[in-house]
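One chain, chain A, appears in both complexes that follow, with chain B as partner in the first and chain C in the second.
This part shows the complex of A and B:
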């Protein structure tokens, strides 16, 4: 037992408990400050996480928990996203009638779940941590109890999430049945032995498909993506942001570990299957986003499309592909968090998340307007912003390793990018050119922490577009845990 | 020292333009000070440069820095200082300073004075760049910059429709000429491998047949640039319309600088035109005709045509505009006939007196509350004495009356014609008669008689900020002929000084010139002294109307363009609208949009449906993987 490896997760969970306890002594009007405290705490943890040296791979809990460079890379992404989401949640508090502290605490618990997921090296831990994340999100998505949209989002996520969990458990059961192991290490060994006969056992393969389907649900990969637009639209904005960044990244790290560390002898033959899914996901997300009028719903479709792009890195089945995925996730986190922070602030001021309600934003708040514009342009993958470089790396990895059907995949990706310009730039058009029906709109006031965060977001989107080396190196280092 | 001075002359105006554009545009006082200060500084530096080099006028001084080097193309930013550029620098900065100061009074009440002075400085920078350019590349860049800044200045009052149209016309017509210029540059570069004036002319000295059959073509392509900038027939149409700009701009652009740039280019690249002419086979019928002959012919046509049109114009600025065309034709003709020195001499004196006339017209327009029709002016002689007397000096200088500056320069132009081509000389002499006629018509109608409108009646002398530049230019217009400018150029163009030792010719030409003034003056006196309306209106009948309508050249162009260019444009528009935008773009957009909407149907919002689709998807995935 080596619990000290988990100190980051433990501290996050303790912070959640601390907020729940502290809530009892905090008067209502000061509860907002608990959120600032939590955000600051996450910021400090983020900095501390860089002190964690990962020389050798370390295990805890009998090999269930792993601490390698991949795990620490994701923990940093989660901590960063968690901190930003926490500040977003503070901005969002005026909308929450009761239970502000619980909202913060739940976010922290979800964050702890994601951080553990980054280290899950055993199907039982994988399932537990995934449930920790998902169940918290059921509550978070329906947190605005007086709003039917929020409730609807929560219920839909609950029902479909339960379905996917059932599929996941079934898959785990099949794998356990055929290999009599739950640890990734043991499963790899078992499947690798006996000259691969077990790896072609239909039971094991079906188990692998079911596990993948359960995880693909989290990533919103076609055909398991139907929940995403509805839930994204209905859930409170900070929750949507955390869902888009944190939950998706957690799903991604688990998919990577399962496909390439637990079941490589089965899944390495899947590239055509995965490429097909990627093509459908990209086209579905991008094309269905075109007619959308609500920004949150549009971002829901956009997140499906982004999952499709991420899949390209998996299809490549190379360390270049894996590191491209990791870089893309960082850029995606920066961009989407900027977009959702802007969205949260806009919704607070405007009261609507319809795209057309953004008209005149340029006059009302140039900072919000430029952050949103940059975020859209970055998501669309226009150079020199970070989104461009991520897409470039992904496509490059596919072209380099040239798996079956890679040509169609690249063409689909490019069609998707072009189609996405239409709806991303539609937002830009609304912000800059569309005339606001109400000409006498006042300026939007933004709190200092949010302003700082917006500036940081703008800076990062541009900075990472030009100077990717540090992040790329970190991503390559993290991706080195996979043996291709 | 030379390098430093010439760079500071060039860079002072652009510094002012940048400062005004970035910082002080809203502050008209500060902007005007910056702009006037910059050109004043350039003027002083030019005087200093002239003083430094007064001992050695023969040797061209160049200094250059390499700007870029791509493959065989080496582009330098150079400065060339020889008598030719020296005199142009003095004219541009000297006359320019007077015009800048005059603007201060004329544009006093304009709300965007800062913008005006910013443009003015930009223009000055571009013009100085042309003068100092040591190679074709640099020349072309500044050539285009002059085009752009003149576009901005002519269209300064862009909210007025005619001004907006005029600046576009000026720009497009100039571009037409510049296109030929650019091709000419590329042609010369492709054969000689160099863009530098010195290197190219050196190469020609070694091997005059270097350009082979394309010698004449290359020269005429370069001349295309001259046609545009110096407004020669058939590209002269932009200049009269450009009178829509503020009057000081007309003085700057259409008297002293921009239009002179063409003649300057012609003289700068004279080495190209003096090569033994040879034509490609397709043009064999032109053998015997040199490119300079064509240049001279174009100049003569322009000068007589513009002078004829000028006799029937009623707008004070348009009369001056056609007069400018006519005089530019003189200069081009002189250069074409081998009298480059005469051409440059006339360019210099013309800069003085034509700028004076334009500024005088500006003073009149300012006093008469923007009344430009000479038949609505009148009686200004007593009301605006300074303007009247300086205007009269300008008129006399333009007509070539002794001892004003125009007398000396025009005589040299006529002499050059007299010695080489009698037909062109007769045309030039008729032009001189017409010049005197239309100028005195203008003076008698606008300044003499009685006031013909209320605004003319209430006119009074302009403030001293405007009259001082008038007096300054009037002095130059008087003494410009005595300063030895002609000889100065004569030395530079060795072979341009053809008139030495032809005293009989000189006498004959002088008498003809003075006779032309008399023949022009008396008809004007009898017809227009105290006239209330134009007797020529009925007298000339159809021809009068033809001249009044500018020989219908604009209409002919309009007709031609609407049948060729516009038909083509309409076709392109049709293809763009229906094939490209309609079928291709809209088609793709429709497919995307349609698919998107179709996909939305799957997104029913019904949880049961989602679960069903989830299950179906899973089943298909299992099916695909397992079988």
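This part shows the complex of A and C:
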């Protein structure tokens, strides 16, 4: 038993329990401190995670749990996202009527689930971690019990999430039935051994498709994207941010591992199928986002579109594609977290997440306005911000490996980016030059930790846009676990 | 560190510095912005005049810094005859635009930050010898342009125009990006460095099928950026709505990016496709020359006349490129430089009038020369240069383009001459008469002229360069032509086709001579260079 490999996850889970216990002795007005403490703790864990040396791949629990460079890369992304989301949750605290500490604790449990997902190397562990993440999110999405939108978000996520879990389990069962194994290692061997006959077994293929469908739900890939806009809009902003960054990245690492480590003999000739899904995801997300008037809902559609861009890296089926995905996710995390932090602070001050209500923000808070503008431009993928380089790497990987249907995919990506400029820049327009209906505009006060975080977000979006080398190397190192 | 890096970084560092200056110190903001662009211009001018064409055709002032090595990206800048003149033009236009930006009163600090980013981006794009940075620097200007037109722009239709311009420009840029990435992949050099890609394709040319796939991507991608007909509709209205300084930098300098990309990248690296597509470019450029000239004739607004004429002038550059001959391409680059100064000058002058709240509708103008002698005479010079009067650099370039294209596309050249000399003269002279002569329009009573050297400086600088290169064109062409020659030599040596194949790919109107062969004829002409002598008058 190599339990020590899991020490990061264990510490996060313990912190969650610690908050639940500490809650008993904390008076109501000091509950925020628990959140600050948790955020600081996650920050320290993030720094510690860089001390974890991954020389060769290590396994625990009989090969169920793997610690390789890919796993540690994702754990860092999750810890970073978790820390920022925790600070957002603290800012959000006034809106939560009851159960503040439980809110923090649930976020930590979801985080622990994501971190284990990065290391899942067995279908049973995959299912357990996925449920840990998803069930926590059912509760988190409906946390604002007095608001129907939030309840609706929770119920919608519950019903569709349960459905997708069922599909996933069915797929796992079919795979188990045809290969009599659950471990990725054994499945790969079994599928590879029988000279491809098992890999073309309809039962195994159906299993692979169903497992992919179950995971595609987490990523909000077409045609499993219906939940995203409603849940994004209704859920509390910190939860939406965590859903957008954490849940999506967790889904991505599982998709990568399943497609390229567990079932490569089946999925490596799926590129036309995956390219079709990617095309529809990109077009649907971008075109449906155009008429949106609510910023959170628009970001929900935009997250569908971003999942489509991420799919380009999968379609490429190359290590360049995989490292492009990883770089893109880092840039996406930095950008989306900045956007949602700004959104949370704006909603606190303005009381609405309509795009229209952002008008005059430039006068009310230049810091919030500039962060939002940069985040939108980065999501659109325009230099010199980090979002551009991710898209650049994705396009490059697709052109380089030229899989079936890549021409259509690239055309769809171009249409998608141009269409997305319209709605992202619509937000910029609202902030900079649309006239505000109400004339009395107060300055928005921002707490010091949030201010620091906003500056850090701005800095990271620009810094990573100019100096990509370190993250690219880390991503390439992490993507080297796949054999193409 | 190369002097080019300093030229590029000065405006960008200026922009960064401005962020830390409180907005109420407007004079400090102006001083910083003007001094960085002035230094940048000074260095560019020094580099230009130090540039010795007799040292050969290679790159000077090179700097190579590894950036993302695993992806083959490096920061690589350098100048040869092709881009040194463009660098100078961009830096001069940048300084002049910064001087003009004085008229911005609301949120002037933010405007200057965006303007400096834009100028830095233009300079960087022209200096870059790495495909990634070439694209990256150009795109730096996209969002500043969007915000500047949207917030400080003119006209009621501003919102629509802002989005139209931005979407058009990003569409063009993305198409070109896909072309550039494909170029990187197919060249197989494992590097985005233009020099290394050129070397790689010389040893191992890209197959004709791939070339024919990449070239249209570059042509139409860059074409949209340059307002190649029929993708030009964003340009006139965009320049009409943009604030003066933005229109100057965009129409003057930034727009030349796409043309520069075609000359620097598409011709030497994709020679066979270039020969194949030359006819199509030549026919499309007629759209610019004739159709847009015609549209300009019908305009009732001075800014739209100038905007359309600026689109029409791009036709000359495309015609020069499509001739694939030494004199034609050299002429194309000369037109690019000259038009840069000219477009900045005209938009600067119309902006001067518009910024004073005056209508630019031609029927509400008149007698400006009487009440504003300085601005009026500058406008006369600009409009005259616009219809290709000898003595201005535009004439030199346009004449060379027409000489160069005659042997390849004589029919199109005839239309080009018609468009340039007749149609151009009609709308320019008509605009001149309506706006400048006659009784003073009531609308323009009491508008102050540019008084003092400070107010005249931005226009004078541009006029000086326009006439300097018009009277001494060899200052430009002697630097440009060796670089173009080596680029065309490269093109010839890179071609993967036999003569028979080439004839097959050429369309019927080229019966015996492929454009490449035609090019050697016109090179012979240049040696005697009767045309060049004649332009020095």
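The definition used in the following text is that the second predicted complex is superposed on the first by the 484 of 484 C-alpha atoms of A that agree within 3 Å, B and C clash if a C-alpha of one lies under 4 Å from a C-alpha of the other, contacts with A are read in each partner's own complex, and residues count from 1 in each chain.
One rule holds for everything that comes next: a residue touches a chain if its C-beta (ideal position, glycine included) is under 8 Å from a C-beta of that chain, and two chains touch if they have at least 3 such contacts.
The structure displayed is predicted, hence computed values, not measured ones.
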Partners on chain A (chain B, chain C) - clash or fit: clash
Partner chain(s) touched by A:354 [first = chain B, second = chain C, both, neither]: neither
Which superposed partner A:206 touches (first chain B, second chain C, both, neither): first
Contacts of A:284 with chain B and chain C, given as first, second, both or neither: first
Partner chain(s) touched by A:23 [first = chain B, second = chain C, both, neither]: neither
Touched partner set for A:422, first chain B, second chain C, both or neither: both
Chain B versus chain C as contact partner of A:167, first or second or both or neither: first
Partner chain(s) touched by A:155 [first = chain B, second = chain C, both, neither]: first
Touched partner set for A:131, first chain B, second chain C, both or neither: neither
Identified clashing stretch of chain C versus chain B [109-117, 469-477, 505-513 or 523-531]: 469-477
Residues of chain A contacting chain B in one complex and chain C in the other: 422
Contacting residues of chain C [partner chain A, same complex]: 67-71, 132, 135-136, 139-140, 142-143, 146-147, 150-151, 159, 162-163, 166-167, 170-171, 174-175, 177-178, 181-182, 184-185
Residues of chain A touching chain B in the complex: 155-156, 159-160, 163-164, 167, 202, 205-206, 209-210, 212-213, 217, 222-224, 226-227, 229-230, 270, 273, 283-284, 287-291, 419, 422
Residues on chain A engaged by chain C in the complex (per definition of touch): 377, 382-384, 388, 392-393, 395-396, 399-400, 402, 410, 414, 417-418, 421-422, 425, 428-429, 432-433, 468-469, 472-473, 476
Of all residues in chain B, those that touch chain A in their complex: 589, 592-593, 595-597, 599-600, 602-603, 605, 607, 609-611, 613-618, 620-622, 624-626
